[in-house]
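Residue numbering begins at 1 within each chain, and the chains themselves are lettered A, B, C and D in the order written.
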Amino acid sequence: MLIAEKLQIITDNSHRLNVNLGSLELKNPVMPASGCCAFGHELNNFYPISELGAIMIKSTTDEARDGNANHRIYETSSGMLNSIGLQNPGVDVVIEQHISWLSSIGATTIVNLAGSDKQSYVNVAKKLETVKEQICAIELNVSCPNVKQGGIQFGTDPEMLKDLINSITAVTTIPVFVKLSPNVTSIKEMALAVEETDAFGISMINTLVGMAIDYKTGKPVIANKIAGYSGPAIKPVALKQIYEVRQVTNKPIIGMGGIESATDIIEFLSVGSDAVAIGTANFNNPTICIDILIDLIAIMDELNIEHINQFKGRAHV
Amino acid sequence: MLIAEKLQIITDNSHRLNVNLGSLELKNPVMPASGCCAFGHELNNFYPISELGAIMIKSTTDEARDGNANHRIYETSSGMLNSIGLQNPGVDVVIEQHISWLSSIGATTIVNLAGSDKQSYVNVAKKLETVKEQICAIELNVSCPNVKQGGIQFGTDPEMLKDLINSITAVTTIPVFVKLSPNVTSIKEMALAVEETDAFGISMINTLVGMAIDYKTGKPVIANKIAGYSGPAIKPVALKQIYEVRQVTNKPIIGMGGIESATDIIEFLSVGSDAVAIGTANFNNPTICIDILIDLIAIMDELNIEHINQFKGRAHV
Amino acid sequence: MEILKLNVLSHKQLAVQTFELVLQKPLHICPKPGQFAMVKVEGKFLKRPLSISDYTEETITFIYKVLGEGTKLLSESKPVEIEVLLPLGSDFERTAGHATLIAGGVGIAPMACLARELAANGATLDIHLGYQTANQVFLADKLSEYGNVTIYTEDGSCGQKGYCLPTEVAPDSVIYGCGPHPMLNAIANQYPNQGWLSTEEYMACGFGICAGCVIKLKSGLKKVCQDGPVFAKEEFEC
Amino acid sequence: MEILKLNVLSHKQLAVQTFELVLQKPLHICPKPGQFAMVKVEGKFLKRPLSISDYTEETITFIYKVLGEGTKLLSESKPVEIEVLLPLGSDFERTAGHATLIAGGVGIAPMACLARELAANGATLDIHLGYQTANQVFLADKLSEYGNVTIYTEDGSCGQKGYCLPTEVAPDSVIYGCGPHPMLNAIANQYPNQGWLSTEEYMACGFGICAGCVIKLKSGLKKVCQDGPVFAKEEFEC
């Protein structure tokens, strides 16, 4: 099937696919995850990314970052490791070259915001606020180490997390989704911390943490040694954590972690997601976000499901 | 190759495979993991389990336990979910019917000990102490919820963990390996807690936690909803956590998590394990523990490695 | 019980979503009616339990229905060799008297060798086979060689309409049942006869080491893979 | 750049651990020398980057060496159809004057179409090919149709002994290099000539969205998959 035909099917079924994340309405529940679509230019060569529910662009920091040395990625069983190191051109360039372009082509942009201390996050948030009409939402990447607090990750300490969120929501009116790290003893505790703030919603999960070893040398394959772990292998963990978070919050949840099929999307909606993001699967198939919507419509027909919302939260009833 | 031929090769290479876990010497570094070999009878129909480094029998509790309802297991990408619920006949039957049999056939037995509160653990340890000459070591399963402390798992709280270990080492002279749960914010913190006790060593990792959903009904597939996650999919997480734990302790480590090949074993030794356990892979191949030793010897030849110890800790130098 | 790579001799569709897989059997492997195998599907992590439908000296036959991803992959790939662990589990104790076979869906698969061996034993057979609909009927012709076959379909498109539960079973007849759980429970409680029922549960290992397949029967906790899959009928009575 | 399932026309061994894979090419796909493809290997999660070795109107050829699990699986399975994403990345800018090709190991693969196109362009070619040992030699015969071939082996079992670095390169010759990193660095710093070098790095996507393949060159951070794999020689000079 040609892309044009696929897009037509999606358009024809748009009344069955639209989702609400609280007050935000998206065309459909599918968006590429941060770090897995760069700033959208490449995917837009395959299909118009304005047809997506949204696009979550690469983590953006105050200053440009070079990222980590090579090797940065490695394949594992049903997944991959990455340690890119938040390479990005810095918020000024991102606004000028990417956000404005995304806005001009009609894309729904979610900007992923990262930093190394509270101030650096706040700086980015303030700049994003100046182009707020071009931005649908901010996704707050809290899996960064806080260099001011001995390198503890913001997303692993409830108090530090709340403090960071509060300082962001204080300087911007853009809805903020907090992207939870799965690498914590209690994900509920973190969700409850978010619940006490003005954050708009939650996105989850960020990568697990893993390592790969070259058996010949005995050395880590990834230059940074430790790396983020993504792909189908992390799906069971994602489903479990979203299930638990949905038990303690009514905020909108963008679910992700290993999604590569329409049935995966239905599973993520069932445990409590309101929309989903697709990360690693884009690497294997550049048109996955469109293809998966086509499959989703077919399964909805098969199961006699009129609207995608009917899948939401079924694991909890 | 017939099993007898494989056993001969292993015997011929025994001087290259023996490992020391502190003062414990094992024939070779390979043992089946707890819950993945029952009490040894079935594997012993395939090969003499006395030829293994050791065998880690099913979690044993004070009283018999029925375990959970069906479904108890489900396949996922490169792994599986299980929620058996510690089904076991109770320590008295385990001693009479299983440990004595294992001892009689010359197997090296590591008894996995579980409980629901401190007292129930201690009861089992005391009974095991009465047959200590039949037991090589105790593996302390600390991934159990403490019913006396609001269901918090022993292995997720350093103080509770230390307290549990101390009460076990107070009543038994059998070496105790503490089996760490990977589902914590900081695995180093837990290892440091073990470091402060008289525990003999560490085994890791226990299962991650995951969930599977039937997309048609939207309901969890596993009766218990949430389940342990094992298999190759968890290997990167295991390697990373063992790497980190090795940075803070010199105690012997039995590494596990997704091992299914000889190169996997080498990777686990490289990050700091002294021996390895094989869990889920036994389900797919009942003779995996023997086959993998054959492959290991072949790779050692290929890489010009005289003794298995040469692989140890290479990721740290 | 052995792990073996067996050559595929044939692999064909028998009915809607229903496939027959014939493997070359080494002479020293001697399965019995009711036993099963764990069958490797390339691309899937765990093996899949399938009943041994029939066998000769040199062949072993499975009949499977496409249910989920594993069976779909198996039916679409055309492997030349398949890894199996077999033979596994308990078998049906065979009577020499009168036997009533009651099977539904893929539970019909193991009836092939059971009927053949019962007949060879001198037993007289009444065979009741349940399907969802006419285009899913399989094995009925073959089984009629060994006894009196009655077909049931849920939609009435072939044979009697309704569930596969005979209105009467001769009092001295031994019942042999295989099918979905509700069917087994109905058989167990509807007829006073002696008998044997084959059940199923999700399995990881198939040979007793994972405790994944444990179910609660009348006499206690049982591993379907090791204590079963065939259990005495009274185990299911309530 | 397109994702396509292409028929396998042939798949054979060329030398020790070295295989040639020929796929059917749709007419509208027009690769250029130096470009590559991401090739799906069944059973592996990510696609594998392979240089386009050569092509005709209707075919596209890859030559790969068995290095790890993915290439081993590819060589052992005999797929009839393979999913690829192609053509990807930058190409070698072709001179019409004198060209010196210096390639080692699987870096020799893309020299096939490069030499052909350079020759068609009217260029004169000196071709230097490095292998580990004699039984790994491939493509040398074919390349000698387009220019003067010199073979190097590390153990001296064929051609000159030692690394594939010509002692002299004509001052006006444009250098085209492809091979392991140390070889590219040596080429970059040993000869003052202009030229183009093709490099490699681990890749997840192959088309610019993952930032996994980024390396630091003289002019800054570059994506090997998108800005490369072919870069101007001065980018590697130090």
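Here is the rule we go by: a contact is a pair of C-beta atoms (placed from the backbone, for glycine too) under 8 Å apart; a residue touches a chain by one contact, two chains touch by 3 or more.
In this text the structure is predicted, and so the values were computed from the model without any measurement.
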Chains linked by the largest number of contacting C-beta pairs: A-B
Maximum centroid distance from subunit A, chain identifier (CA atoms): C
Where subunit B and subunit D are represented by their mean Cα positions, the distance between them in whole Å: 46
Rounded Å distance, subunit A centre to subunit D centre (Cα mean): 36
Mean-CA-position distance for subunit D and subunit C (Å): 55
Multi-chain contact residues (two or more partners), subunit D: none
Residues within subunit B bordering two or more other chains: 76-79, 232
Interfacial residue positions of subunit B with respect to subunit A in the complex: 76-79, 81, 156, 183-186, 208-213, 215-220, 225-227, 229, 232-237, 239-240, 243, 258, 263, 266-267, 270-271, 299, 303, 311, 314-315
Subunit A-touching residues of subunit D, taken from the complex the two chains share: 1, 3, 40, 44-47, 70, 85, 201-216, 221, 226
Subunit C contact footprint on subunit B (complex, rising order): 35-38, 41-43, 45-46, 58, 66-67, 70-80, 82, 84, 87, 231-232, 280, 282-287
